[in-house]
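My structure is below; once you've seen it, I'll send some questions.
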């Protein structure tokens, strides 16, 4: 291959720029040209391209967000979308494509691969719920941002003898809630995978209160309930002074952590190598510390869920 | 004076512990004993005291929150509250009191001073709206926390071509919103002191959009409107992809910034010195880089508002 | 077992307190008493013990350093040291021991186990070079601290068109240098495991300079050379404006990252469980995301070295 | 004026980019064109110019370093330097100049003003020792970076019962050492303005040790002595386990703090306004929270020194 493209798609995640840099640098070191595709599949369909050089990615490894920007593309979901995308790629001489994003983004990659454009998926999402990799790019940074917030919240919870409910991201996945809650010593963690009844949450709060515990921090993944509703119920049933914080989009921003930047380097470089070898229709993940390429169709429609062992551990340590 | 007390009252703020440490260390170096009063005036009325030594404050200068905890006390607002507080102080041999808190907390200090217990107020609040001081303890840390959030939000705003509304604290005061918004390069800043119409906000967004600006960050002090309502209106009137983040209580937490820790050292030490000299009914602030003591009654019922010049500057730089 | 001890030994590492908390909380939840041993084996030999309760570890998960303090003990290396330690443990009713530290610390644990005191080792060191675990507690935090420093150094390197040499910790191990250098996009990384000649470093700098690169950051593990000597040689041979920073002990401090806090929770809890089951002479590590217990003697005298693949990747991306 | 230039000169400082942005945005809003001059006076003399637009400074407010780069220029110190600089400015139609830098940089500005090119100085240096302003751009960020390092060092000092010496920047000025040391609760602070004998430092350490204090952090401004020599002497005379850290260039990097970003906005904007009014030969500083313009010649050859009152306070609180 002589020319490949790279795009970011779906929700942005810290480390996407480090992955773009890795694709470009490894691609160029292998003798290929690399073209940036702006705003995901929308830009691929409309031909919104810009060449990327060694120096144009020289200062992006630490930047949050994605310099290529990202967007959702309805057109890519329709039958003609992938055909139009392919035509644009061919017109620009793009022979292979790296897609950095989440589950939905890989469906588009698979369609392009089926049409003859080798595409390789790289997992870039803060949710960490992608099958076929132990870690997704952006997860560790989002967890550290949430952990920092828990630590700040605990300062004020302790000072005021208050109960705090903090809602973090994760519509279908409790990864951020569980990891940040465990690392932050949260008193309860509510996640969609292993539902806990409000009775149990409240019993635990009351038992703690009887033992003299005067403040608590409860972490809720958005898929497990709305922070404000849960806070309201706790207040009504216990009478505890309860406050709610919805952490929101700050979880998506910031410079990537070391884990995320390294992961982005490894996966982005491997994606470029696979395309150089003419291989597409693949997904590049990290399993047991190794970079592994697997067929894209094997990992769609599956989710990587949190291990129950970690849920138990969080409960054992929150006594 | 041989024995003084110290309490924190009202909302907690980063640097309160550094102020407690300064009261204790300066007090002890002047030959006084220092007693910690837990949970503000409530603890004063109930006699919830604990001696504080050089070593018991040895590791608190960098900690968020307040080791003495804080609470609001209705009883202190009633006629008998201050009398009960005085009786407890006298029973414990407490001859003077340092009150670290906000405007409401100083009313209690003034009542105690009127009853013959010399009390000195130290401004500890993230709101920065206290008359008689250029800075309050906690403000700079809260602004830096908000600034960090703006920077993270901007990463994702840029990546998605989105408009973000971020609500920060400040029920009656635009200080945090203005300082963080100016330092973070926000496109619009809404504060209670100088209201801006939604028409103007939307005009500005649309002019930016016409010039090619594809993302914006709007900061709203809670006293100037609800973030979610403002986001909704922007979305409805412009059609822009608009998201809202309510930063919430994380603004109260965290280790104090250098400015806050230094301010706390200066004001806390001066408060102890004033009591050693037998002076009470005073408020200790920083004016033009000097520590200044003023009568408490001079600064009640007044507010320090943001200068209009900074509002204009923020607008000029957001073009 | 009814009563166990826990100590930290060797160089301190972020997350040691989170591990202590996990030992205590899991131990108590299993029905055991937990005793803290101060200053490592020195405190064990002198009987410097303090009971640890659920609440005494209630606020330590995020604190850097170790509340139990740590020290090196020459006496423990001598024949009578372990016997004296055993006697003190028995006198205090301590039936099992968790040792949080590095390689040297585990030799002591093994001796105690041989004498009949079940001891379990938990890897707490920033160096990450312990055999039998993919990660050691403290490594991820130290890497993130170093990464933050690289990012700050790069700001000033770019502004001044300078070459910077930054020396990081790692007397026998290049883990911190390699991870931080890769994540920070360092132009060269010098580690003890895979030596690079100064000729190669200088060639690389000169090739970069010919391509128009005006600044560079070179990371050196202390085991691969002295930063100041390397900086001097670069300056003398290239004439480039070269500066040196020795990062030093700040790499050991700070609140643990999410990865380190979680790892500490997992390993500390498992160590308590093993002792509850009466098992000693073991080392608890994390391998392929699972917590694994192995005989202590299997992992001594071995080192976990950096994979050559990551060294190559760093070079490929630094073109 | 229709066209002005802006350059950064001397050592780089966090917030310089925020100041450049403010000059550009305020300049453009007043109807002027703004030209960036690369690498300080060297670039002015060689005509290394680039136009700066609203959007070219759209994403730099939070970036460390200076996008214009900076350098020292020997030629500007020689008689013909300023003449060559003037000729280049005139050839490019540059009618006024903003110089962001330190004391040395303002000498060049004064010479240009004397030759008829209105020049305005903006204080950008981490040293905070410039006469005519209460704060310089970059100081607050450097202090917070140093404070963060003190906090990390204290973690490991406490864990190991060690004495740490930390050397911070300040060849002629103790501002960073004093501010960070006070905010970090350092046991001793050595600065060039108010020398302290080693006898006194050691007495203080020994008195602390007698009272049971087992660890200490001593901050040294580079102008008050070399960290390594001081550490050596402490070790030799006390026998305490003493370690040394030289913080180095990381103090220059990083995103500007809120204080620095705001200060840069205020001073940069005012500099553009002064040039628009045709006024040059001025220095823009912040005095008592107001932006004030003063003749450049009034502030040369003077230094703003640390107040002795803060030195005393640090000693009083370190008991």
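As written, the chain order gives the labels A, B, C and D, with residue 1 at the start of each chain.
The working rule: contacts are C-beta pairs under 8 Å (C-beta built on N, C-alpha and C of every residue); 3 or more make two chains touch, one makes a residue touch a chain.
Since the model is a prediction, treat every value here as computed from it, not as a measurement.
Trainee: What's the overlap between the neighbours of chain A and those of chain C?
Mentor: Both chain A and chain C are touched by no common chain, going by the contact rule given at the top.
Trainee: Superposing the C-alpha atoms of chain C on chain D takes a rotation of how many degrees, nearest 5?
Mentor: Copies differ by a rotation of 180 degrees.
Trainee: Farthest from chain C by Cα centre, which chain is it? Let me know.
Mentor: That would be chain B.
Trainee: Between chain A and chain B, what is the separation of their C-alpha centroids in Å?
Mentor: Chain A and chain B have C-alpha centres separated by 35 Å.
Trainee: Determine the centre-to-centre distance between chain A and chain D, using the mean Cα coordinates as centres, and give it in whole Å.
Mentor: Result: the chain centres lie 39 Å from each other.
Trainee: Can you list the chain B residues in contact with two or more other chains?
Mentor: Expected reply: 151, 158.
Trainee: For this structure, enumerate the chain pairs that meet the touch criterion.
Mentor: A-B, A-C, B-D, C-D
Trainee: Quick one: in the complex, what on chain C touches chain A?
Mentor: Listed in rising order, the residues of chain C that touch chain A are 18, 21-22, 25-26, 28-29, 54-55, 59, 61-62, 134, 140, 143-144, 147, 151, 158, 179-180, 182-185, 212, 255-259, 261-262, 265-266, 269, 288-289, 310, 313-314, 316-319.
Trainee: Quick check on the complex: what are the chain C residues that touch chain D?
Mentor: Going through chain C, the ones touching chain D are 8, 12, 14, 16, 39, 63-66, 69-71, 145, 149, 151-156, 158-161, 164, 243-250, 252-254.
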